[in-house]
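For reference, the structures are reproduced in the following blocks.
Two complexes are shown next, each including chain A; its partner changes from chain B in the first to chain C in the second.
Showing the complex of A and B:
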């Protein structure tokens, strides 16, 4: 007779190893399927700027840069928003509306991305173009970042849309960590005569690792976002010259090109190659994130 | 002992992971999906209908997204006509994917904007042969967004369109465009050239047209599901996903130009350009202009069991005829000649015979598609006779 303890631990082992196995399986299939393109082109596949199915010539550099630029815009705009939203709902908002704010923010985090994409294309892109990008280009166009005459769908729009998409996501992680800070710490801080602002600052320092974790999870989501970005990023396969240039991301490249990829000999391997590069970047960023979080935890 | 167990565990993980990877890889996937076979039975009790005898069963097809609305309409009408005994499933997965899955033997038929490539055609020919024939006509329109120019007023030629997408004509008031439109007041604004970002049959046909009318387009760019757009390099090109994406981009960007399947131009309320046909007349894709183009092609079209890749779309765009609209395209159905199951053969014959006759009547044609002239439908009707069991 097996004890329930034993059964429980067997279940845990099975399910935990399943998710590990799936990740390893994904890596193996990415490598196996992208093998032909790396064999043919070598590393130049990553550093070339060309997507020419007619000549079966593929190099993903513009998509790689586009992924990094749009996620960088997204994360740098969304983190201040996410932290503010978390503090507002945990500390400042009246108790009666906290639940409401939190459920709205959680709803936003779970909306399907195609909805964000459509909204981004039909609503956000024209508004950004008219009220932000065009004025920035007109008055600050001498700065290289704003030098391209904007068209509504571009890397900047994609970055802003991504920021909107990931803010509720990282905000809820930060909010949970903030609310989990032991109450006596807060009381101790107030009893030392700290102002509300000083208390908040102290508590934020206390949850540094959660903020970092929220940022890295959000960054991962931004880099992997497919449908919404494909709708607003402009989808032109050239090296971006400014924030307002149209671009591509690896995920949107896959979304755009996969349906007819099988009509070519090397496009499927090239798309798998793109996926492998994206996976590797995600892995590196997450490892860096883990390292940072560990250091932060060790210091406090 | 513990260390030993650890190695066993690692080896086990790698083996299982390799198995998972194998199931994920497309080439092996087929063997799994193939087990989902179709159950077909002869129903003897139900009364015979006009369209078919007493067959019943299911056939599965997939492919071109362009064909999807029309195919769904045909399938549901046929389902009704046969009293629910014959079910035609069609999944909209893209022409390329449809052809690939058909080649792997998962599908009973494929829908595709372009016909099979020559190598694949030859491969099938050795294995019993294929039948491919047009089932409907689609037209591609060039749309524009110039605030002070009405729909149906801007006149363009294929060469000018090619030069715009090559980035050689940059402004709307370029002498080449002005010469075609002396009566219009064209602005000195940069042309934003919108194109598809996803691989598509629409791009294949549109670029085939540009290759046919412009030698330098043919040499520099060529024709395919996706091409490298020279205008993108200048920063004046926009890629948009799907016909609806192109329509939205043209609508949002003043002074833009784009190409979409006709139905999307009407539903988005876009302005449609007149295009000069081979005989020098400026035409819109009216029913007559499309039918004229299709009739002009009858002489050059091959038989259903022949290779179509050398004809379509490279030879079928820009057809002769004073009224003909130049950028017309067929959508194809591809069948094997030999099937294992006699019921399947009978169902495919019945259904596509109906599609090519009754299915071409106005009440069965979805908006945005054009019916085949009887001469073109005859290609498919002849081809269906080749279907057999073996």
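Showing the complex of A and C:
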């Protein structure tokens, strides 16, 4: 007779295996459904700029560039903010309000992206347009980055919105690592007569792999984010010439084009192909981030 | 550098850090203020149960179908994703030495970082394309996949946090493993487990991207069965906000105020539970 323990552990094993099956299933479905477009066009599908359903001709380069540009803007704006927020709540703020700050940060991280999207579209985009993008274009328009006359929804707006969304996320990773620095290190630093800023700078150096991990994981999030970006990026399929061009990202391209994709024979494979590219880039970045975090945990 | 210069540098850098930290929190306040100032005035009982208004002409209108759809989707998701996540978490906590547990743990961490639109594409491939119809079940499966890693990793923490002596005591009663884990130890870890489910619920309530590819979003019907299209609040916000009709923009703001209220409620409850659990 099989004991109830045995049955129970088999029961649990079935559930634990589900996640493995899901991940494998996702990879298989991406490969199987994008197979036709890669068979027909080969790698040129990734490196050409065309979206012509009538001629069944697809190349995702503008969306790929859009993903890279918007997430590059996001990560470069958000890292200084995330590091500051982490240090502020772990070191500078009065102890009585640290819990509140962390709550605010966690709330920001858990807010649905569609709320960010609506706010970004109706509140953030007009403000950015009026106070940042238009002046930049007027005075620095000779720099290619700012050469397009801006309208509220474009790659720059998407990048800023993404920066706002990922800041609390990487900040909490950095905060945890910062708080986990052994206390005697901090004491040693102060005992050398360092000022507070010098101690902070030293400790930041000590946790640099955690900061890098936060950056990688946040970058992964920024690249995969869909609806918030789709609401503010402009959804225009052209090769971006400046930060103020309307554009697409891979995920917003899928969100926007999928509803009518079934009408064409190669658009569904093309969108799955885009997803496969996004998945691969994201996986590499996230594995790098997880590896760095594991190294931090192993050390402390 | 002289001592004076270093002290000045110290002041400047601490000032910059504080300013940046405060700046990074401004958006959340702006979001809450804007959503409620634009959206709160729309929320009435009728707004919660009525059909959306026609784009042009007509008066009032509400988000009834989307609210019903969201409630159905959240329930299905908690049922499917919640239970898979729960038992996965229990396995990870109690059989953490096995190879399967190590791989599952790694795959869950990767799943947390998946772009959710890809989960939507997966659900489309296995449930929408074969049925040739957008349907509620595909949406619930997609949302389940999204919440499984959150629920599993938090349930794992909840079971891990039970003191070893308590686990030994439970098993020394001579009861079988299912009873020890699901009756005795469940109540010891209940706050952590409830928090895990609340986090999953918040994800299911707010997630939008996978729904674009699975449930389609009906506008004027409430519920026609789980094999039929259905609407959800986040999807309605997305569709109405991007529509050209001013009246639908207003409905989107109202729906956002409803969604934000749901999120804030879940957030506060889970905070209170964590705090009490620590005492």
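What we mean here is this: the second predicted complex is superposed on the first by the 263 of 300 C-alpha atoms of A that agree within 3 Å, B and C clash if a C-alpha of one lies under 4 Å from a C-alpha of the other, contacts with A are read in each partner's own complex, and residues count from 1 in each chain.
Following the convention adopted for this analysis, a residue touches a chain if its C-beta (ideal position, glycine included) is under 8 Å from a C-beta of that chain, and two chains touch if they have at least 3 such contacts.
Keep in mind that what you see is a predicted model, and the values were worked out from it rather than measured.
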Fit or clash - chain C, chain B, common chain A: clash
Which partner chains sit in contact with A:171 here, chain B, chain C, both or neither? Use first/second/both/neither. second
So, does A:255 touch the first partner chain B, the second partner chain C, both, or neither? both
Based on the superposed arrangement, let me know which partner A:136 touches: chain B (first), chain C (second), both, or neither? neither
Identify the partner contact of A:22: answer first if only chain B is touched, second if only chain C is, both if each is, neither if none is. both
Between chain B (first) and chain C (second), which does A:290 come into contact with in this model arrangement: first, second, both, or neither? second
Please indicate which partner A:54 is in contact with in the superposed arrangement: first for chain B, second for chain C, both, or neither. first
Please indicate which partner A:155 is in contact with in the superposed arrangement: first for chain B, second for chain C, both, or neither. neither
Mind working out whether A:65 is in touch with chain B, chain C, both or neither, as first, second, both or neither? neither
Who wins on chain A residues touched, chain B or chain C? C
Which superposed partner A:74 touches (first chain B, second chain C, both, neither): neither
Residues of chain A that sit at the chain B interface in one complex and at the chain C interface in the other, please. 17, 20, 22, 25-26, 29, 32-33, 121-122, 230-231, 255, 259
Note which residues of chain B are touching chain A in the complex, please. 13-14, 16-22, 24-26, 65, 93-97, 99-100, 117, 192, 197-200, 221-229, 232-233, 235, 237-241, 245, 248-249, 252-253
Which positions of chain C touch chain A when the two form their complex? 6-7, 9-10, 13-14, 16-25, 27-28, 30-31, 34-35, 38, 83-84, 87-88, 90-92, 94-95, 100-101, 103-104, 106-111, 113-119, 121-122, 124-126, 145, 148-149, 152, 176-178, 181, 199, 202, 205-209, 212-213, 216, 234, 237-238, 241-242, 249, 252-253, 256, 259-260, 263-264, 267, 271
Sites on chain A touched by chain C in the complex: 4-5, 8-9, 11-13, 15-20, 22-23, 25-26, 29-30, 32-33, 80-82, 84-85, 87-89, 92-93, 101, 103-108, 110-119, 121-124, 164, 167-168, 171, 195-198, 200, 217, 220-221, 223-227, 230-231, 251, 254-255, 258-259, 271-272, 275, 278-279, 282-283, 286-287, 289-290
Spell out the part of chain A that touches chain B in their complex, as residue ranges. 17, 20-22, 24-26, 28-29, 32-33, 50-54, 121-122, 125-126, 148, 151-153, 230-231, 234-238, 241, 245-246, 248, 252, 255-257, 259-264, 268
